[in-house]
Amino acid sequence: MDDVLERPRPQPATPTLDPAEEESSGSEDGGLDWTKLPKVGAVRPVIPKRGEKDFEPAAGGGSGLQAHVLDRARAAMFDALKADRAISSKSASYGIWCPQISRVHVTVARGIHFSAMGHSAARPTSIDNGSTKLQKRLELLPEEALYLIERGALFCWKDIQTDLTGLDDIEGAPMSVQQAFAEIIGKEDLTLEKYQVFAYLRRLGYVVTRTDPPSPSYPVPPPRVGSAPLSFYQRLSSIFSLFTASVLRFLRGSNNWWRPLGISRWIHHDKSYGKVFKSLRVIPAGHSVAPHSSRATPVAPSSPYKIFYNMYKPSTNFRKTIPPQPDFQVVVVNARTAFVPSLYELTELFNVLPEIPPPLPRKRGAPSVVQSSPVAVASPVHTSTFKHIFSWLLPSSTPQPVTSQPRPHPFAALKAGKKNIVIAAVDSGNISFFRFSQGAFEEWPTL
Amino acid sequence: MTQPILLRVSNFKAYVWDVDDINILRSHHHICGILTGTLPHLSSQNIFLGLPLQLMPEEAVLLVENGIAVLVDDPSAHHIPSQSALKLWKEARLNDIRQQIALTEEKGSIEASNPDRAMSESAKRKRKEREERRARAMANAAPGVPAEDNPSPHPTSENPSQAIIGEAPDSTIVMPSGSYTVNIPASSSKLEWYVPHSNASLTIAREAGIWLYPSTLQERARCGVFRDLWEKGYYMGGGIKFGGEYLVYPGDPLRYHSHFVASVIEAPDAALRPMEIVAHGRLGTGTKKAHLLCEWNDETRVVSYLSVEWAGFG
Amino acid sequence: MSLINQTSRSKASSKPSSRRAETSRVYAHPLPIIFPELTYKFLGLSLTRPLNPHCTALFDPLTRSAWVSDSGDATLLWQRGFFGKGDLSRSEPSWSARQINARKMKGKGLTSEEITAKRRAERKQFKLDRAKAIAAAAAEAETVFNEQGRVIAPGIAPDGTRIIPSAATWKPASTSVPSEQSPLDVAPDEEEKIEPIQDLEHLQLSLQEAFFLVWALDCLTILHPETNTSFTLAEIWNTFQNVYIPSSVPQPNIPSPPRFDNPFLVSYIAYHHYRSLGWVVKSGIKFCVDYLLYKRGPVFQHAEFAIVVIPVYEDPEDQANSPFKLQNAEPFTWSWLSTINRVNSQVQKTLVVSYITIPAESRVSPKVLSSPACFAHYSVREVVLRRFIPARMRD
């Protein structure tokens, strides 16, 4: 049937009208029609659709009409770029950038942004009598501060040694967005690529926090329940995993490696395709065992593949002081300098990630239950996985008891994988997000 | 001879912050870069982005080599303002605020004296109530934001929630009490203490330790191919999402679709795998672009081109 | 779709359901081996013997494949497990069926080659028409701009319809296919006088498929290309690996020691792994991957998964001194990953990276390479890859 698909289509399968799709499918940069952009100050910004384009400029650099339309498009773009960052004095927040500690100390916090950004930190503060005392204050990480400055929500001063007496409310050198880009990026492990991913996700409404706390006072999710010790079923299923089974078989030496197919002439239940396939599963498979390496540390310490951000959907009930388990975890790399992660790098990433139950088929009519966090869900899956593997060992003629629990569709389970990591590869401002999932084909044979 | 454009460099990345410079680069030199900042008035989407313009390193290299632009070490260009400079800045700001408030009051009195156009007091009150309701609803809608979550910015204050909405204590002393607009400048050019120092060549910038590109064969190949296509009059954008290094446009990408996806091959003897031909042929057809294999010869510094298109046999 | 069965199908019934049933009947067996209906069963014991066919193929070192020339064997291997491909066909060996069809349809229909030629001509015409329409619309817009200073949307008629044809809306102007192509003077009985068509096609098995049929299923015999005598299993084991050894290796008379990273072994590990899990595994070259996985087979549905095999050396030393430049063993770039993912999502396939570890010679003695027992030292791990679209994951 793929013969039909063998001819590449001249057009994409579906017309892209959905702005989300357009945004994600790598719409060409600079190919946007800025003339469709609402003017600055328009009431409700509507994201415009892509405009019509010409094939190529007429000889000599474009006809009169082409030049006119291009000028108009450019003017619209430059107008939009000139938009001021103007906030009402009643809603502006203020902060002081302290380069020595890579934090912005928030002196005035206004608006809903602070429900998802900023944390409390105790810092020595000088009090009236000249002595210092540890006092709690609201601080922003570099990416949080830069994002708020960029949006025009935070006015930031730079902490300087200049004498500020007689300058009233001036708390340092006033910073432009340019200065913030120049000085705040590069601090506290924040690369431009990491900032670009942070801002991209924040603009879409995600809450984004650091996975590794940059300081002890930074709130992190509580340790995962049940992630450390393996559950009973997990242990059982790992005992019977294809990995162990084939190794055992090899060690026993019971296999005649020149004749792997073991169909007994006499035993009836051997005479099925399921049995034939099962007897051919001789190659260790699956992620239950880490891959061998001759090196003590197969992942170089300089590897860029470290989880950097925790990501929460806008719909997730996020509490800043007690953050829940993240919906996704994100690695950010520079696509120009990093290669696609090696198996060893992926194994290290998967080692610290939670296992997610396979997606259950959606019940018709009934709305799907909203899961607060994929990790928190008790997994009935291990049962089925176990059963699944166990069925290889038991006579296949015994029918499996029909459970009321809907079984996940094998394709859906295979596509979803068991553990997920989002990797954002950034190439000079172009962000590509990929999801790498730990596959488990060995758990879902088709026969 | 016009002044070279200043490319602001920090963390080995080159940015353009002035819209007029972006215009010159685009209109006169067909260099597009990529906008990477948040547009303040459209801050909840990722399709239209704002300042700064981030340049690909090969774009910056070409601009500097051709004398169109120079590199500036941006962090060190921001000096520490003196007390007198800050005083001047403060005065300018106060003047601006006073003007704003005067303007608002003037407008208000015109409106009051012109009852046809001005809103009635009750209408104003109603609007104010509406706005407050909306603000409350917004605050409530913010997921899980008990006021205690926010440590007080003023720890001395006994009532944290008051501190959050309260004015900075000092400001009430001298600042006018009316509402005015606070501006956060995008570019630093107008700040008195911003003194950029130009690095006229890549060598100087390299010695200053602010710019290293190109330093490998791969990077030289990219610069060479980029320059060759640029000299042929094309506009270039990043092509990673289309399976190459660049998208190659016949004119400004604002008005024209790209005709090619270009990939850079570092050496004339680099092997080309059948898989790559299949992939590029297929992808080009799906996106109505031909794939351009651009082969860099580091010795002769010459680029040779080969295009791949699906023939559609069978 | 099967061309062979289209003929029989069209006679039987054209209803989709019965066509499906027919397909299911023809392709009922996932493997060449057949388990006959039970005749007698007692206490879990039965006497019926599984029927394992014995097919024959000729080893061809140049193309690194094995050729099944007997059309019966070829049909059997294709219908029971979708092994091989016709060397004159895209997949199923259907050349002779196509010839017979063409002869029958003479004057009534077009051969697929003719259809292709017609389609290509139409496509060319479409592009010319479109270019003309675009140029005309641009010229009109230009005139309006120059004369009235107005900017109009080019290519849109006053009533809002589009004038510029798209691939979906364009229709050929008229049936311009010349009638001289359909000769009406062919007498109906002339067909019988024509010599019967000799089937020139053979089924081409990849070495992975051939080894699976020989070793795992024991239903194929491989013949030596020169002597026409049958290979022993041990000879096949060595021969299939040796054809991958680069000819530039010095001292061709001394057999080079077997290596864990022999390309045949690495790709066989992947092939065998997915076959043993019940998948129908076919080459993925047309979608720039190594393998495609079908749940039941290409005649039933599209391939669900596209497999990229990535060899992982346990010991970088082994890679450094290897005579093989294994594909994908070097780390690959984000741009390449993005390319293959884009190609495969265009055709609705999920990209799976299949990592095959290559045992370190310092850990496992190369002596185990003397037999398939070495398979137990390799391992397979998958990583499923998809684009992540933040704008769509917000709920």
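Chains here go by letter, A, B and C, matching the order in which they are written, and residues are numbered from 1 within each.
Please note the rule applied: a contact is a pair of C-beta atoms (placed from the backbone, for glycine too) under 8 Å apart; a residue touches a chain by one contact, two chains touch by 3 or more.
Composition by chain, UniProt nomenclature: B = tRNA-splicing endonuclease subunit Sen34; C = tRNA-splicing endonuclease subunit Sen2.
Just so it is clear, the model here is predicted, and its values are computed rather than measured.
The chain with its Cα centroid farthest from the Cα centroid of chain B is C.
The most central chain, judged by C-alpha centres against the centre of all protein C-alpha atoms, is A.
If each chain is reduced to the centroid of its CA atoms, chain B and chain C end up 47 Å from each other. Averaged C-alpha coordinates put the centre of chain A at 34 Å from the centre of chain C.
Chain A and chain B have CA centres that are 23 Å apart. Among all residues of chain A, those that touch two or more other chains are 6, 8-12, 19, 23, 54-55, 69, 200, 204-205, 335, 425, 427, 432. Multi-chain contact residues of chain B (touching two or more other chains): 46, 240-242, 282, 286, 312, 314.
Across the assembly, chain C contributes residues 90, 286-287, 334-336, 338, 346, 391 that each touch 2 or more other chains. Chain A contributes residues 1-3, 5-6, 8-13, 19-21, 23-24, 52, 54-55, 63-65, 68-69, 72, 200-201, 204-206, 243, 246-247, 249-250, 255, 257-261, 263, 265-269, 271-273, 276-277, 280-287, 289, 291-295, 313-315, 328, 333, 335, 338-340, 342-344, 346, 411, 414-417, 422, 425, 427, 432-442, 444-447 to its touches with chain C in the complex. Residues of chain C that touch chain B in their complex: 90, 116, 120, 123, 285-289, 327, 334-336, 338-340, 342-343, 346, 391. Chain contact summary for the complex, chain B toward chain A: residues 8, 10-11, 13, 15, 17, 19, 22-23, 26-27, 32, 34-48, 50-52, 54-57, 74-75, 77-78, 80-83, 86-87, 89-90, 97, 138-139, 142-146, 148-155, 164-168, 170-171, 173-175, 179-188, 191, 193-194, 235, 237-238, 240-242, 247, 250-259, 281-282, 285-288, 310, 312, 314.
Residues 6-12, 19, 22-23, 25-34, 37-38, 40-41, 45, 47, 53-57, 62, 66, 69-70, 73-74, 77-78, 80-90, 92, 94, 106-110, 112, 114-115, 118, 120, 125, 135-138, 147, 149-152, 154-155, 160-164, 166-170, 173-174, 176-179, 181-183, 185-186, 191-192, 196, 199-200, 203-205, 316-321, 335, 425, 427-430, 432 of chain A are the ones that touch chain B when the two sit in their complex.
Against chain A, the residues of chain C that register as touching in their complex are 1, 29-31, 33, 35, 38, 41, 44-50, 90-91, 134, 138, 141-142, 145-146, 151, 153-155, 166-168, 215-218, 233-234, 269, 272-279, 286-287, 292, 295-296, 298-305, 310, 312, 314-317, 331-338, 341, 346-348, 350, 352, 355, 357, 359-360, 362-363, 371-373, 375-376, 378-395.
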